[in-house]
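Letters A, B, C and D mark the chains in the order given here, with residues in each chain numbered from 1 onward.
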């Protein structure tokens, strides 16, 4: 979608889009690219889906047995067929019926010939917000997005979140009166938004689950400082704290400010890694093929900052550990005396079935460092990484910090740290979903 | 498909293809391009369809009501859904069941993971032949094609036609033993192959419905000469007969040879029109938009041949008449004294519901020249075209000529000339199918 | 240049184009694609060149020694640099000066900001004609083209040829008054137009060197019939004469009509080979790589015509012989009893340095069949081709036939048959030009 | 150049590249894209040019008068023609001769069939460094680059700068012995590297003109703090200092650290602007067409940081001022009480003729705010921007800060601030070069 396309080729009064490496089904397959657009008995319907269905395999098998032909290999297409095969006449009834068969994490945005429909799953795993844009000529436009920073970019105003278990309908009437249709298809009380959105995925300038990510991330950084500060330099020199840009910048500032509060005046925030911006996010690129080359071309060290210093690196999480290990090597090559790693989350130990694109459990760094009690050997991991010390934020510390920033949230999904899955996942799916 | 693609990117032991302006559903829509490839409960299935279903609208309505989502706007996709929704386990059973609901004209070529399946409708409207290629290394390959000239190009040998109402299955076994599976899903005795394949569509070097098109076309040309020769030049000069290249070349030779037999030694075959080969066939290009420009850049006259002569032009058919009218103008500009038009078919007066891509009835030339008895006014048409005389082959003459060449064929579909449709068409479809 | 480009993206009142496999310099190299457009001290200049300079290597060496940087590897670019480096102010003076250094065959079409300039070399090797298009609104447009059939396609009228050694200038004045500027840069009396244009290259509907190609080609065919008719079929059956379509069609008609005049009533013109029109001309495709596959997919036989007959094939020339050899095999496979080859030109024995894209001398068929006297062994060639007999038109017969059709032409270049080169070629170039 | 191209399509032992919006000649014109590759009397030569020739117009006129045809509209092509037209045989002699006619700023990288040649102009306006890569198998590769951060990315080691007035030749011999050829074509003593490379253009992790940009930029930030700190918040709240990411990040850290040294403990470094990384640098995009939309989609504010605060924004320079003005508006919308702007350079008041792509003088913000003495009215500019205060670094302060960081550099070009041009520019060029 270059400028020309956006200005000249896109017409109409409503649009939906999606920017996603599909988390189930290969994103190399063009048919899997969202949004999907279909024509069915009630007219045209376009759908974009963020998240992952935890019963996708069962749904697909059931639909295939019925004689359904799939155009893609994604879980999202199941939702479309369930809607089309519904016996109801009314589209909202069709959707409500279809969602009764669906389990897992999903934010849906659908477009019909006259309505924009937004849906959030009963657990509220993923964020979805409603925005409003005053177009200046007395007209108002409504939009929905995963992250509210998208509203800021187009000059729209945040209205509220789509609630877990809610279907929001924006139609001609909405523009005229400001009222959305709202339908409940679940009254589940206990919501379990994904804590990893705060830790890594969302941007600091986004309001997520009712709170600014920036604020939550600072609290997390502060809690990490309370749990583990770096040693002092016995030569009396300043100890440097740097972030792995850009996702850890905010938490690093929190970490440093808390250190100052704890009377560690020798600690200084610095910029020790420069990011080369023509390379995409590492985490989200599928396959490990060219990972190493990508890392090398993604970060560069600032020698004048690192040379001869005790360096503390704040990072948000460790998945495979390959990026961080190479970074530590680069930092040492730039002359650092010591390298201490502080992670703003607990160890990622379990697969996510709700849409976070972690690698298979075997590829996770912790899998290679489990002791006889089934606990990760943090020191051994630190040694493998080449760090002088490694500290992860505790699960309790994470809970405390998040709740301090966002009291309204009743609970969070921490399954990737604790294996405490809020929605059951059958074993068969567990193995295959991540192929 | 350029050379590189054919040599490097196409792998495997079997393939199907299709080269068709879709006759129902817009060919501009990429989703309508055949073959279709789907995955369903019994595995992968690819399908290419030549012809038109006469109950396409009813099938689509029925399937949509059941909750079926269509990927394309073509009639061909209905067949796929009928197969996928069949309660049978065996693919041949599924296909036989699906075809029971389908009416009209269809030659199907399907590919599964281990079989090539070819089907011809019970009426045998369109041709479909089986070929065999000795690969020299003791191996044999089988192929099916609408026109046998495709076999000659790759060096394959014609084996036999797929029979009307027959499903032919070519599998690993076929290659080993030379036996196809053959299944009958209809025992209809009266076949109605399309006579227009002989008149215009097929190539002279193709064996169609059991006879070479070249032979049939010569007989047609001879019959036309029996019915109507051009006048003599009273100055004693030769009378020139030219064809509209290339589809009328063969019939024109038949016309001239018969004229010689009828003692018209003054008649001479000549090449008076040169075709510019970088322009595609006019007949098959959808929409009338740039037709006139295309005609002008498609034919050029040879003045030395036409100047001061009585010229007879043999053409295969008149649809809209716009091409021929412009040709006559060009021939007169080249100096022809008189221009006589001889057409190797009766007037096209009725729509084809079986796959021949005629324009709507209103666009047909005859529609504009109907007299009070519902008969076309041939003289008025000739005058509009700018011809000194116009003669169409009679329906009886056509029947006689075709049967003389091909005695084995029991009957033919002449509905476009006579409105005698072998498979009933409901009125609703009749109107909309040709939108 | 698809329709969209032609209608929407091309503006202005004048244009030049070129459709050519570059005959010196590789056509794979995008920089070699004509027309060239340059900006130099007198403004913009675009140039398209048909033909070949026989002193290209010397010109390029001279210009390179002067410090000239070439953008392409073609001979045509030399002309541009000679013009730009001319000391004259006036563009016509610059061109006249530049052409004094240039030798060989060239038709040039140039475009400046206000003039269309057409040039033909002093020998007149290649054709170049002026056309005039009445645009209906009182305005007149002028055009130049190698073949006059281009005028017919756009509805323009042939005015006259650009004369050998003439520079024709079409400007605003021309459109207003109908006068071109005309400048002579050579008064050479003896012109040597290329006879191969008549034999093969030009279209029958083009007026070339003052006469219709169609007429010349018929005379050539008639002369061939005088020189060598096929034997009779002792069974009293008709003897078939077919052409290799489309370049030999016209000559074949001449051959057959002359045969009838010579009382050979048993001879009949037939269409025995069908050309598949999605494949380009064989002759002009560079490299032999995929030639065999191309031939197979280019022609198909009509069995009903050929079976059990004595078949005479009329073709325009034999270069490598590979196409014809395969054709003869196909004709025999179709059941022909005998195959007699009649060629409408003498054997091609010598390279062309004036723009006809023959292969190297070693690749010519005749090179492999030279007897001790340096004469080609025609019988041995026929045997290699698989023909029952082979006859070439004699050089004298060719001269006679061409002059009969076109008395105005004073002489022709037959160097490819006789090595009688009208413009001297240094040995060094001779070897390398055809690499 | 995607991964596939880099791995599969690029062969050979040496390569050059260029990543540049051409600063003279339109970059829309494909012919202007560097590197240029030409063939001339001494073989092939490829050239990439960073910088701008100040006598480009005179060179082009001289060359055009000689009959030279240009392929592009860039100044860089002049160098190639001067080399090709040199009477010398030896390539180094040709280059030395050519450079005698050339004035202005240029770093050249050239590739011949066996040598990589790097050149830096006598003033040393732009940086150019030599790197060395140990390939692990005993082999060594050499490379040159404008910024040394490129060496880090590929794991190469910085060797030294190409000196002003030096031609460095890297050939087979270099790889074997580690010696470059080095030729002097100028002995100018006074070098004038561009100070704007330190202020804005280079990356902090690059060694430029013998010193790390990071270090210089910190000194500049410190000097700015000495010159002008923001007011205190009378409510006792912290005063926030934010940078415009990413080019001002380092200088902002220097500013904050110096503020702390100056006992302003109330000042805190914060991240208040988030950059959207899918949008390119504003400064370098030619034309103002879509600038405003780009800015909006490039930065987003962090409300939790800015709300109710006195905010100080550190930016590197003001060119048109449009980006900064919009940023100030966004910061106020996020709730800032006051917005103070501190710029790490003096006002840009004069055009750069040495390669920095400033807009025309009329488009510069200062041009609109000149008082009667020809001095910029800083307060009026601050008001137009919407800032509570605006302070530029003084020219003296800039000099002092740069020299403190890099004592080895004898002098710098500050012409864009002071109009003190080290190489004379004729008035005619001055006007047209920036069209």
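In the analysis below, a contact is a pair of C-beta atoms (placed from the backbone, for glycine too) under 8 Å apart; a residue touches a chain by one contact, two chains touch by 3 or more.
Just so we're clear, the structure is a prediction, and the values are computed from it rather than from any experiment.
Q: Going chain by chain, each one touching the next, work out the least steps from chain B to chain C.
A: The fewest touching-chain steps linking chain B to chain C number 1.
Q: Tell me which of C-D and A-D has more C-beta pairs in contact.
A: Top pair by contacting C-beta pairs is A-D.
Q: Counting only C-alpha atoms to place each centre, which chain is farthest from chain C?
A: Centre of mass proxy via C-alpha means gives A as farthest from chain C.
Q: Report the inter-chain centroid distance for chain A and chain C in whole angstrom, where each centroid is the mean of the CA atoms.
A: That gives a centre separation of 67 Å.
Q: Suppose each chain is reduced to the average of its Cα coordinates; what separation in Å results between chain C and chain D?
A: Roughly 57 Å separates the two chain centres.
Q: Averaged over CA atoms, how far is the centre of chain A from the centre of chain D? Could you give it in whole Å?
A: So the centre of chain A lies 37 Å away from the centre of chain D.
Q: Provide the full list of chain pairs in touch.
A: A-B, A-D, B-C, C-D
Q: Going by the contact rule set out above, which residues of chain D touch chain A in the complex?
A: Its residues touching chain A are 3, 149, 152-155, 203-205, 212, 214-215, 246, 249-250, 253, 257, 268-271, 274-277, 290, 296-297, 300-305.
Q: Provide the residue numbers of chain B that touch chain A in the complex, in ascending order.
A: Within the complex, chain B contacts chain A at residues 38-41, 64-71, 80-81, 84-86.
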